[in-house]
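Read from first to last, the chains carry the letters A, B, C, D and E; within each, the first residue is number 1.
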Amino acid sequence: MTFRRSILPILTVVVALVVIWYGAAIKMNSTWTFDQAARAGTSPSLSEVIGDTMQQSRPLLPVPHQVVSELWKTTVEKKITSKRSLVYQGFITLKTTLWGFALGIVIGVGLAAIIVLSRIGRLSLMPWAIISQTIPIVALAPIIVILSNAAGAGTLLVPKAIIAAYLSFFPVMVSMVKGLSSPDHMQLDLLRTYGAGPRAVFWKLRVPASMPYFFASLKVSVAAAFVGAVVGELSTSAIAGLGARMLIGSQFGEPMIMWAALFAAAILAGLLIVTIGGLEQILRRAMGGRPV
Amino acid sequence: MKKPVIDVSGVDLTFPTNDGAVQALKNVDLQINKGDFVSFIGPSGCGKTTLLRCIAGLETPTDGQLTVNGLTPTEARKARSYGYVFQAAGLYPWRTIGGNVKLPLEIMRFSKEEQAKRVRKVLELVDLEGFEKKYPWQLSGGMQQRASIARALAFDADILLMDEPFGALDEIVRDHLNEQVLKLWARTEKTIAFVTHSIPEAVYLSTKIVVMSPRPGRITDIIESPLPKERPLEIRDSPEFIEIAHRVRDGLRAGHEG
Amino acid sequence: MKKPVIDVSGVDLTFPTNDGAVQALKNVDLQINKGDFVSFIGPSGCGKTTLLRCIAGLETPTDGQLTVNGLTPTEARKARSYGYVFQAAGLYPWRTIGGNVKLPLEIMRFSKEEQAKRVRKVLELVDLEGFEKKYPWQLSGGMQQRASIARALAFDADILLMDEPFGALDEIVRDHLNEQVLKLWARTEKTIAFVTHSIPEAVYLSTKIVVMSPRPGRITDIIESPLPKERPLEIRDSPEFIEIAHRVRDGLRAGHEG
Amino acid sequence: MRQKDTQFERIAYPVGFGLLVLVLWEIGVHLFNVSPALLPAPSAIGAAIASSAAILWGDWVQTVLKGALNGIWMGSLAGIALALVVDRFVFLKRGLMPVANFFAALPIVGLAPIMVMWFGFDWHSKAAVVAIMVFFPMLVNTLAGLSAADTMQRDLMRTYAAGHVATLMKLRIPAALPFVFTGLKISTTLALIGAIVAEYFGSPIRGMGFRITTEMGRLATDMVWAEIFISALTGTALYGLVALIEKRVTFWHPSHRG
Amino acid sequence: ADDVTLQLKWVTQAQFAGYYVALEKGLYEEADLNVTIKPGGPDVAPVQVLLGGGADVMVDWMPSALAARENGAPVVNIAQPFKSSGMMLTCLKESGVTSPEDFAGSTLGVWFYGNEYPFLSWMGKLGIATDGSEGGVNVLKQGFNVDPLLQKQAACISTMTYNEYWQVIDAGISEDELVTFKYEDQGVATLEDGLYVLEDSLEDAEFKDKMARFVKASMDGWTWAAENPEEAAEIVLEYDETGAQTEKHQIRMMGEVAKLIEGSTGALEMADYDRTVESLLSGGSDPVITKTPEGAYTMEITDMAFN
């Protein structure tokens, strides 16, 4: 049952993607093979070309088994306390992400609450929250680093987490503004007949009504926090973690390191999102969600 | 003379819409005294709900005066004077039936035991024992409506505003609940404003029947009931009863034609 | 013998809930012939809505047989055999009243002129001329319900399933709509299944009255009406009428006590 | 009653707040003698904007008009399209969604060099980065939106035997729009960040990201902030545009009726 | 011990081996210094870090330091471990570029973020426009890798003798398929990795003393690193937090970097300085710096350190 319902579809999709991927890799990488052959003055056969496209050290698109073998080498075959282990590097990024994410949720929900509850907040905060997101984070990152250094918060985790939070609070805020104002007239009026204060309206009505919006935003937001954490790894002098590995891999002509880090990042972020999805399911059930 | 609990004078209300303004209430005058049981009856769309909402401070009249216990409706609302049963059940989908009924009690900070006690009591009153843990979508329409009545009764407000509370109930349950409401009313001296579409129900329950007519909504007749406070179900066969019912029906019909 | 349009035999339905299973229907047997007008009456929560939903193919019985025109309910639904009026209005908030009524016509690809014509006609039928351009939240509860009736009538389905369509309407409008429905039925030979809480309404409208009782929901009585097809409003004072009404009331009461 | 914000207030408050920030900033910079290499005064930024308008315009065209906007529409369309496809075929939903999660956070830092390698230095690679960034928020929000229609609204469609497309067009897409717009709002802001950061990893010698790094390298922070200012202005305008359209299109949502 | 924070120009690599060696081998400790080395990155501007108080001393190239100075960031060169420039332009032979005369009309990859000045003044000297106008070169801001050359998106890209050049070779393009233009050979070499501090801080005698010890220890580190390239590379790898650097690459880089520090005492050579300034001033219509810098260097620290 679970096989038919969940494993089979995923397997099918994964297999399809892998097939497409091999095809694309062969096609894209063959340019280089032909270039090299031309430089050497040879003309390779089709099987030689295909063979070559699967084992280039600097492919346009590495084939899946190259990535998997690199992932294997840097996770399973390395002690997780080693700097060369992707698990170790992933943990650095994960830590930053989670701190930034937590901070982002607090800030996002807090701002959304102020915006929904107060007129002044709505009128003056919302536009500036939007503006904040349109300031390229990379331009702001050095300032964040300097300020947190000046504030004595160090240069390692804190500025990176702030950068992650800076990106991740916004999706939460936008969705929560929508979600907290989603109760309809009758639902609001009911509480008004109880003479309920804004606090009760907020906790008893707005918050539960906003949950679908909240969870939709968490998935986007954790991804944003992740991106922020990775950007932070390049913008601060704390070059470590998956993002830093991608940069170094790219710069030092080790694209496989970059690809492996990229996939590790995708897997990590994917797991975070799946976790959130699981939490959502649990909460939905606890809130009497109707099965669809 | 008693001072009226609810004093409506010259109230107008106009809704602006995409499609021109709609006058929902026009020059409504009405006094409701403490302990009155007032029914509102009138064709659909004549402004009954709107008038009830004005009394509850949920809608602000465009013109005229409206006081409740000498306060503005909004102040009275803040003082938690109202129990309101909406025309649609409007239960919160994320709360169980018990949780929905408990909602006002939580807001008004009743103690935990008191909450549990009251929830049990009012659910019994509306015949929903055993459904406490169900979610609204697991209940039938009529059961949802009863739950919403229970919710409004749970916290013992002085003024009950009920907007077609028994619309989705069958005659037998309806009779039963009519009796319960009358008992409650006789016992507690609550002031009740009650919207209904059933002429017998209006006559059976009320001390005062307000007949309204539409476009724009206004009061066309106010009938003081001579029936005694003590009302067995059989009273519905008495000549006084039938006479009042006739008068109401005539008023209604006039409204429909007018 | 006529073959029944709707043939229900031995239908059971159990809902699983967080709180144990609820048996909503138990061993329901029922034949509805072409042109029948069947009313369902019973205490709130007895399974009327559930039964109607089973007939419409919106719910699948846990056990038993159910055919509509010899098809499964789902097939019949796909063949657009039903007009369904839900217990709550359920209008789409992003469409005007006119747009809501037009919805089934668009889906069934009626021509533009035909759409406009039908919308006008059914809105008139339910007395909502002039509200075509309003949005649902700008209408009173009763008006919304009438709009939803208009929506179900607009496309002329062979089988009309109506779940307390007149619950939120006053007596006069109700009488008017009752007459309209009867006329429509007499004219078109539609098969109508109709849930109501009003005993007089059930008796006045139906050729067959199904009395149900709750926990678990089952049919306790099926009353064939001897009333003629032609039914002026005054028929409600005839002795036959009163007798049937009595039988229904007794059946209902028994259900309540049982 | 909630006070409605007037157009004037909606502009005056943020602008007032913004002016306040600018004035404090200007005073602060002079008061504390902040090095212009760290933070230029607003007046210096203004001067840079005025004197380099042509450069700023060229950068804007490159980054916003070519990079970001192309990325937004491609990514949004792809996200919405996949949501629709996945929603149609349960098999794909079960298979693709868990996999799609893994594409959620492909960091720009890793992506941008690859896109530059694949699509070259000009705006194409930037648009690709933006499209990938925008894709996931749109997908997630659209999917959440597509399941936002409630059970009764869906059942209505089922009684019409509406096909998948009709149900989508008439019910689920309208019901999904509030979510889609939320996704769009997030996307427009993400897009600018994406387009600018992607230029760090290779670009022609124009574009906002190019300018920011280059001018930062020579400590011409006034020019850096001039670009930041333009970026903020653009992002806000884009967001405002989306919000405006949203208000028009989803006027019926409670958050706009309020 | 006195705290010193050093901000590097780029990520941890053998280009900065001397400092890491000094740290690892306890040379700083012997000089009673407690040194922290901060790697740089694509979004880290060392001058800004210095101004913001995040570091005491930085490694930077002289062109960008002088440009920053002209833009109001008073940085001063206190020592110059790198004697020669490692910069070059590497072209694919098949692109048809064989001499500077062929540049016009072709696409050249350039590093920006303060690293573009040597290129710009070279082009200025050649009289080739870099703003995309007719008859000039088409300039690309190249990223952090050599892909543009491999993908033939550019005819030539900027490379360092100690780094990117070898990546092109490693990628499978042999030396005879490449044409290289070393800035040294073209006579347009500018000074690279020097140590810079803020002018204000030099007013403090204690700071100067600290820097003197720092420069001395650093130069000792460099000497050691040049003599023991393999161990030096190992030390660098130790300090690379990403764990992505490879031994092969760092050892080779160390070998090449050793050639660049050859002949440097650590003190700035006036001839080199003058040549750099002259080159930056003469950048055609749009020179990197507009007037001869004053006070952009001091010999005081190296004098204290080595005498």
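As a convention for this text, a contact is a pair of C-beta atoms (placed from the backbone, for glycine too) under 8 Å apart; a residue touches a chain by one contact, two chains touch by 3 or more.
By chain, with names taken from UniProt: A, D = NitT/TauT family transport system permease protein; B, C = NitT/TauT family transport system ATP-binding protein.
Keep in mind the model is a prediction, meaning the values are calculated, not measured.
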Most remote chain w.r.t. Chain C, using mean C-alpha positions, is E
Comparing D-E with A-D, the one with more C-beta contacts is A-D
Chain A to chain C, mean C-alpha position gap in Å, rounds to 51
For the pair chain B and chain D, the C-alpha centroid-to-centroid distance in angstrom is 49
Per the C-alpha centroid definition, the whole-Å distance linking chain A and chain E comes out as 35
Multi-chain touching residues of chain C, meaning two or more other chains, are 18, 88, 135, 137
By the touch definition above, chain D meets two or more other chains at residues 38, 113, 117, 151, 200, 216, 253, 257
So chain A residues touching two or more other chains come to 60, 138, 142, 146, 185, 231, 233-234, 247, 250, 261, 288, 290
Note: in the complex, chain B contacts chain C through residues 15, 17-19, 22, 41-46, 48-50, 87-88, 133-135, 138-143, 145-146, 163-164, 167-174, 197-199, 249, 252-253, 256
Residue set of chain D touching chain E in the complex reads 35-38, 112-113, 116-117, 120-121, 199-205, 210, 213-214, 216-220
Within the complex, chain C is touched by chain D residues 152-153, 155-162, 166, 170-171, 174-175, 250-253, 257
Note: in the complex, chain E contacts chain D through residues 42-43, 45, 47-48, 51-52, 64, 67-68, 71-73, 112-116, 130-132, 139-145, 147-148, 151, 153
In the complex, the residues of chain C that touch chain D are 53, 56-58, 77-80, 82-84, 86, 88, 90, 92-94, 103-104, 106-108, 135, 137, 155, 161
